[in-house]
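Letters A, B, C and D mark the chains in the order given here, with residues in each chain numbered from 1 onward.
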């Protein structure tokens, strides 16, 4: 493996106080696939420099803006410049840097939701197509081994034809007007200018939606949604509930909420088919409950030899040594790295710009349905 | 307690092969409040006699029809005739005997749903009012100690103002056309002539609905529903999903299904308020999970001294000795007995004809909403 | 079934304030097998009369002592006198009435532990043999459907040869000197004159021991034990831990404690063989976890069609409607009734005087080992 | 933070096929505290080179033996040579390199158990003392946030005086003679020359022992143990069970097994005091169950604001995003780094050579007790 080298990564966003930037940094490094060498960590150049220094980056590779970073990195010699960029900014600053870095020939891995509206989403999809570069979207929950096992079982027909889907993502952290306290996360996530029109929908609803389509391999074709803003004065939804119909004839519900006091990151998926069902919950991510028609339910556990090869490949440690959020997230980075290296490996997968486009359409469809009080089709 | 005697009970329905009749018989006897002394166990007089003999009843008190039973029991001396009747027939045979026995001065305890349509439901409510007799409806899940604890907490304001409710009752037993096999339960439950127009809605949806209103103390004021019949040829719904709004400003979902393969009797309720939340699931009925805003969640367990007096009063054995479905069901019977005896006890409660009326309206509202594809108000 | 009649039961013990007497009364009546018609409920005749009146018994059948009851009932006509007696007194009052009622030709069902020492235990076993009557011991946990399933699997060789057993019964109710408060249960259970020399050992240790031998079908052949009395001034053990060796070559631990604060009735059994393992806990008694060597663990659930016929036969309601402590206890009564009626049914079973003898020997062996600090054989 | 630089790490062991070496590499890098720059990855120089190449190390820093590495690294300029070394070899190759690297002034982090016997353990402790360097032992389970919370509660007296401890570590992977298949892990772990005399005791029993002393803050002062080798021909124990007495007056059991089929890495700790208790299980490591005397049990969850500062400091992501084995392990590395940097931080801690010495004494004491069949004191 002499030819292998660590890929050089740059980062847009992830400055002081950012939660998700730190997560991305741990995950890109976890498997030795990437080294962070450059960044435009904040729209405030001073903060960007500060973060770069804390991370031990060469000062010359720490930039005051993503525009500067794109231009300067592209001008560096091939053996020095970054291979890829990780975009971890608020939602309204995904579109610009993603298109620019792609245009300049860099691979891009971008936080979700893809962007704030479907027009921009389409532009990003076009940019990916044109660039022939790898674009990954960090719908990180698809990186959990037991989500992969669920997908293999459901797509492989093991539970028969899908009839019912119940997806939910429940949080409680915005039950009070936390945004008024100046808490950074809360502030931008409930500001439609930065988060887009969907609050809970964009932040967590799209995760549940992506998980549902990822595991079933089916598309939501129509939905009926109702959005709520329970906290007075809040400009975006902090709760939504959606009835949905799948392309294959099944139907179900998707609920997301940020006002369910006591819920942490309660992402749960249940799928029932004609022969069985699956149930998964993020809080105990290494367990997958499987229901069967005439047999007792099973609890499959991560890393065991009895899993599908695809699920097994996502584990780093033996059964019973739990892996969690960071490892699942890192699985997206690992797959992204392999795609950059040109590996063809059916066991690997990561969410692409297409999943991102669908996520944005989902937000818009729920908003439209909630406004019109009618079912809305989803392209 | 010299004045106390066991109350004499008659039964309508509960002949050979009936599941719920046997349950009622265990539960009426559990606390020594009632003795079964008479019955019209089947519309087939021979089957009625057979069941009566198996139960060791006096042959003279075993009747060939409920009409005969009502007339003949009423003619018996006061110290011999039944005090109350338990109606455990299919849904379409609740209305007739309930009104007749009430009219003749008997107390009535009746299986749910109350009846097949709201016109009949109103007639039954009127009959109760006029009779001045006790009428109880066996929405038995309200008899679980930890459901009671949840009600006390939620109604007592401990979790603040209710914002979100998620109720569900998932089964898998009708995932295949079991009714074609001649299975007795399945046959009548999917026959609209006997079950009424709501299949899963009547059988289990009304339980979830009742539980939701029971615990929150709020009324569903509007709903949007979608019914499905997944099994080809089935004439009633085997699945429904409902968006709902509560009188107090909260909202939520209610899902019921009989095609979720592997689910047994998955009745679950979650309620979130501004200060906390509760979660309960029938499969582990002695646990109540309580979420708090700034504290760790608790798991309250049945029969403990730290529970509310009301919840504590529903337990028969010490903490850690699990009580289940039959004990919860028997709690309804015990409360019914106490009401007949004229005891005034705030700790006691049981579902009444009013809850029954609401259940029937709920079924009709979901059917109407599902047909019209619009939100429907619920009186 | 015309020949069938309810069996007539008498009770010794179970007067005011007794917990277990009330349990026995619910359980004997649950399946319509027995009717309670007589009793000597207390050594205080007035209290006995009071309980008899509360239960609605004929005053003539309520006795001031068990000796009187045995003599007078035996003198009644065969079609009136009791068939069997239920002994629910403190441990030191099992031996006397059991032998006397057996001698007079009554069937006996007796609470555990059998008695206070092995000499008396042997006398009771001899009395049973001589009487040719049915004698059942209410090691009630063997009546749980999923304990039965575990037994069928383990004895049937499904988990291979048993290597490891971990049995435990943890409570916390005696963590403080509750006996000084006058609490009735606590008072006699920590009084060696009434409970025998083993406190926690007799009260709960024997249950864990019985469960272990019941499920494995093997005998503990040797043990090393250590008893403790954590609460100052307590005269019996409130905690014990035991290493044990099984006849079949396996070994394991048995722990019982009444000072584990917060534990309710934490009876748990785990058994591991060469091919799999089982795990059961009373708090969720309808679940049985089964481990397999090369497959995912299963969670078998009570009442399902996939269970062994023996386990299935112990359920009264459909899957997902939980049954609990009372139902498991009632299964012992039902099996006792069937034995009295002479039914031969391999699906039935109940603990006999032999299990009782072993339980007493177990207590004595742990006490001896703890004193001598050496391994002690168990006959 | 301009003065901060990544610490340079070397590794001894961790060549092809080693599980734990890969774990150490992920964990040392997770928080950006260390960079791996050198290694003697195998006693086979070719394998060492191969691993070094795969990891992208400079060939000059990849050595054919740890002796060579120690000598050559010590000779490098201070700004180039490693700061610390991570020893991840089989147990019999801890002692040599640890002493040598310490002697040459390097900090050392070493896998557990410390070494194969207490004489060597004492030599290592002396070497640490003399060197004035930081020495950490990767009893990694102490790095879990909720283990830390348990420690804070128990040591802080929140559950009162400790009475009972139940520690267990159950696995099933050695239920068959896997060592005969040539599986690398199995081979050395059951070879007393490489693992030391304790098989399961050294591999997992020491973890349970360390966890127990870590959380309670008490020392085991006496024990009675029984070792077993269930698999024919196995030269070390694959199972042990131990009764133990704590310095503070409590007692309990410790069980470890590698033949419990179906168990993965079932490390569980329960501690009960006079006022409450705690329960933790590795499979769901972000949950800590806490029992209270007169209140309902709590489930505290990692990363929440209601935790003790010490426990909170160990989380990298918000509540509900599970962290696992690698993150807990990385917490040891992070604390090690901080100690090297001279930070004084009461929130930090890691197991030291003293815990290692105790672990070796524990193994020897169980072996002695098992042989002599008597209680053995533990220094």
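Following the convention adopted for this analysis, a contact is a pair of C-beta atoms (placed from the backbone, for glycine too) under 8 Å apart; a residue touches a chain by one contact, two chains touch by 3 or more.
Just so it is clear, the structure is predicted and the values come from calculations on it, not from any experiment.
Going by the contact rule set out at the top, which chains touch both chain A and chain B?
Common neighbours, chain A/chain B: C, D.
In terms of C-beta pairs in contact, which of A-D and B-D ranks higher?
More contacting C-beta pairs are found at A-D.
Express in whole angstrom the distance between the two chain centres, defined as the mean CA positions of chain C and chain D.
Inter-chain centre distance comes to 43 Å.
With chain centres taken as the means of their Cα atoms, state the distance from chain A to chain D in Å.
34
Provide the C-alpha centroid distance between chain B and chain D, rounded to the nearest whole angstrom.
Going by mean C-alpha positions, chain B sits 55 Å from chain D.
Which positions in chain C are in touch with at least two other chains?
As it turns out, chain C has residues touching two or more other chains at 263, 297, 301, 304.
Can you list the residues on chain B that touch chain A in the complex?
The touching residues are 159-160, 163-164, 166, 168, 172, 175, 224, 226, 228, 230, 239, 241, 243, 251-253, 255, 257, 259-263, 270, 272-277, 291-293, 297, 373-375.
Contact residues on chain B for chain C in the complex?
Listed in rising order, the residues are 1-2, 4-6, 19, 22-23, 25-26, 29-32, 53-56, 171, 173, 263-266, 282-286, 301, 304, 316-327.
Touching chain D in the complex: which residues of chain B?
290, 294-301, 304-306
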